[in-house]
Each structure stands twice: as structure tokens, then as C-alpha cells.
Amino acid sequence: MQLSARNQLNGKVTGVEKGAVMANIKIEVSEPSTITAIITKESAEKLGLAEGDDVTAIIKSTEVIIGK
Amino acid sequence: MQLSARNQLNGKVTGVEKGAVMANIKIEVSEPSTITAIITKESAEKLGLAEGDDVTAIIKSTEVIIGK
Amino acid sequence: MQLSARNQLNGKVTGVEKGAVMANIKIEVSEPSTITAIITKESAEKLGLAEGDDVTAIIKSTEVIIGK
Amino acid sequence: MQLSARNQLNGKVTGVEKGAVMANIKIEVSEPSTITAIITKESAEKLGLAEGDDVTAIIKSTEVIIGK
Amino acid sequence: MQLSARNQLNGKVTGVEKGAVMANIKIEVSEPSTITAIITKESAEKLGLAEGDDVTAIIKSTEVIIGK
Amino acid sequence: MQLSARNQLNGKVTGVEKGAVMANIKIEVSEPSTITAIITKESAEKLGLAEGDDVTAIIKSTEVIIGK
């Protein structure tokens, strides 16, 4: 099944911690990858984003789905 | 400012495409990194996740914030 | 109160499991419904999405709000 | 690939509308399904959620990934 | 209909900008409010969060639903 | 570091509750602020959103990142 989600990072599980309802999973990602971020045009302009800029892609852990 | 978001991937902007309201930003990430994923305990058990498993971290592009 | 969220699926609670901070709720949905998905144009084109395609709508459980 | 995302609703595409950056996709879902919602324990208690309750599962369209 | 979403901020629309698929809405919120944030225990400990701390609640605009 | 996330609400921590994996953080926000919401054009039109409308900005607690 092909997914519409643009960001798919391959890696290895290095930690599994389970609570009563949730679980915290650690994944070591070593391959280089292209991250796609959809932000508002307003934000892109306020940050003055341009090719070559050094940036950080920030992702809340509750937004990460795991495929196996 | 320190952020609670666990996943912070450094990289370089390689594409900026603006529409009327949204913008599609491409970021080349080359450094290895540890991804944290919060999933349900139920999912961790159904996938039988364990250390050493080869997996894919899947992230929708609308969930990626950019820091500059 | 009318909501901007396009997807509102009526159903019956069939499970309530509480942890220290979170709760896992199961809802049986039987009515047919129209799901709206907002994805990138890029993804729509890479998947070659067209009317009549058989697809799966995938939603992380942390993204589901409950109304009662 | 098995996914950790609990909610996977099968259906048929009934609409594809593309903008400059985003696309609005409509999917007719007819099969009954079990929806999993992760909410705070606090919310489950404030809503007094219990088995048999009639509820609505509310999902923002930007949170729906499509598999094909 | 009562919602499980903990954060409900009342305000007045001060801007509506429509694109082909999406819309950017501005809302002036003046009432004081209590924001609930669910983060990982790990993050709460790394940030050393404690009562009385001055913090910023950060919310991506694609995560805001509007009720009217 | 400047963030693309449009909504940044300053406040004070008034509660920290930790479970095995997650934590529930309460933040008192008193300053007035402008909230940006990205919804579908379709939703903006169905709700008939216009300047001056009284509305509620609804945000699931799992979508709130904390900065300190």
C-alpha cells in the first residue's frame, strides 16, 4: 500500500517503553532523507525561507506513525 | 527556548513552493537522528515491536514545524 | 456549535480503558460516511488518485476528538 | 507494511480537488468499523464516557492519510 | 455537544483569507484561559517543568478547529 | 530559533501530572492573542465565517508543544 504521507524514514527500533495506554518507541534513523513540511505561506514569508537555509524540522512524537 | 517536541532534525532547505494559503518546503536531512514515536500500547503489541526491528517512521507533512 | 472539522462519524462506545494520564476509547461506527482528507497536491499526483479508486483512510488515534 | 495507526477505513474516492499546494479528497466509506480514540483520562471522565454511549468521532481533514 | 478537546478559546474572527483548497482564519482571543498540553513524561522531565514556570504553548495552525 | 508555528501563547505552568509515558501540563494564559487556524475553504464557507463572528478555537491537548 502506497501512502500519501510524504515523510517515511527507515530505521531500527532501539527502545520500547510501555505504559498503561501509550508506548514510547525510539527509532535510530541513519539514512539521509528529504523531509516535506507544509506550513502557511505567511510563516514561510515571516521566516524568509529560501533554498540553502539551515533549518530544523520539528515533529511532536504523538504525530509519528510506525510501519513494520 | 527549549521545546518539548522530541524530534528535531537539522537540515538544509532545498525547495520552497508557495500557494495562496500554504507552502510546501523541502528539507535535506543528512545527520543520523533518534526519532521518538508515541503510539498506543495496543499498536506496539499488535506490531510486536522489539529492539532491533527494522521499521519506518511515517510523518504527515502537515505535522512538521520549521525552526530557523 | 457547528465545527469546521469535516469528519464527524456517529457511533456507540464499546470500550473505555483508562491509564494514569490517557484513555483509549473504542467506538463502533456503522453508518456510511464521506471522509474528507487534505493531503499535498504532490501526494495526490504521486498516488494518481482518481474518482473510483479503492483507498484506505488512515487516522492516528491521537487525532480523534470525541463529542457527546 | 503493517501500520501502528489504529484507524484504517476502506472506501472509494468520490472527489479530487487540487489547489496550488494542497488537495481535497473525498472518500465514501460504507463498511462498519471500530474507531480508536486516544483522549485524556480527564476528558473521558468529564464526558462521563461509558460503554453504550452515543458519541461522534471528530477528525480534522488535515489528519487523514490516504493509502492506495 | 460536549467535546473531549480540552482547549476551547472563545474569540472574534478578525481575518478570513481563502485559497483554492485551504483558508487562513485569524481569531482575536482576549479571555484568560487554561491550556492543557499532553507531552511525553520524558519531555516534561528534560524541560524540568514545574508549577510557576514561565512557558509558551506552541500550536501549529493546521491543528486548530473552529466552532461557531 | 524562530518557529513556523503561528500560535505561541505565553503563560505560567499551574499543573504537572505525570503518568508512565505521558504527562498532562496545565498552563494559565492571560495575555490576549491572535490565533491562526488553517481549515478547508469548504469549512470556512459552510460555517459562513466572516470578520466579527464570535467563534471558539478548539485544540486537542496532544497538539500543544511547550517551549521553556
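By letter and in written order, the chains are A, B, C, D, E and F; residue numbering begins at 1 in each of them.
Going forward, contacts are C-beta pairs under 8 Å (C-beta built on N, C-alpha and C of every residue); 3 or more make two chains touch, one makes a residue touch a chain.
Remember, it's a predicted structure, so these values are computed and weren't measured experimentally.
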Contacts shared by subunit A with subunit C include exactly B, D, E, F
Quick note, more Cb pairs in contact for D-F or D-E? It is D-E
Cα centre of subunit A to Cα centre of subunit D, whole Å, reads 21
Multi-chain contacts in subunit C, i.e. residues touching at least two other chains, fall at 1-6, 18-24, 36-40, 42-44, 47, 56, 58, 60-63, 65-68
Contact graph of the chains (line, ring, star, complete, other): complete
Counting only contacts in the complex, subunit B reaches subunit F at residues 1-5, 21-22, 38, 65-68
So, in the complex, the side of subunit E touching subunit F is made of residues 3-16, 18-30, 32-41, 43-45, 47-68
Subunit E contacts subunit A in the complex at 24, 38, 40, 42, 61-62
So, in the complex, the side of subunit D touching subunit E is made of residues 17-24, 37, 39-40, 42-44, 46-47, 56, 58, 60, 62
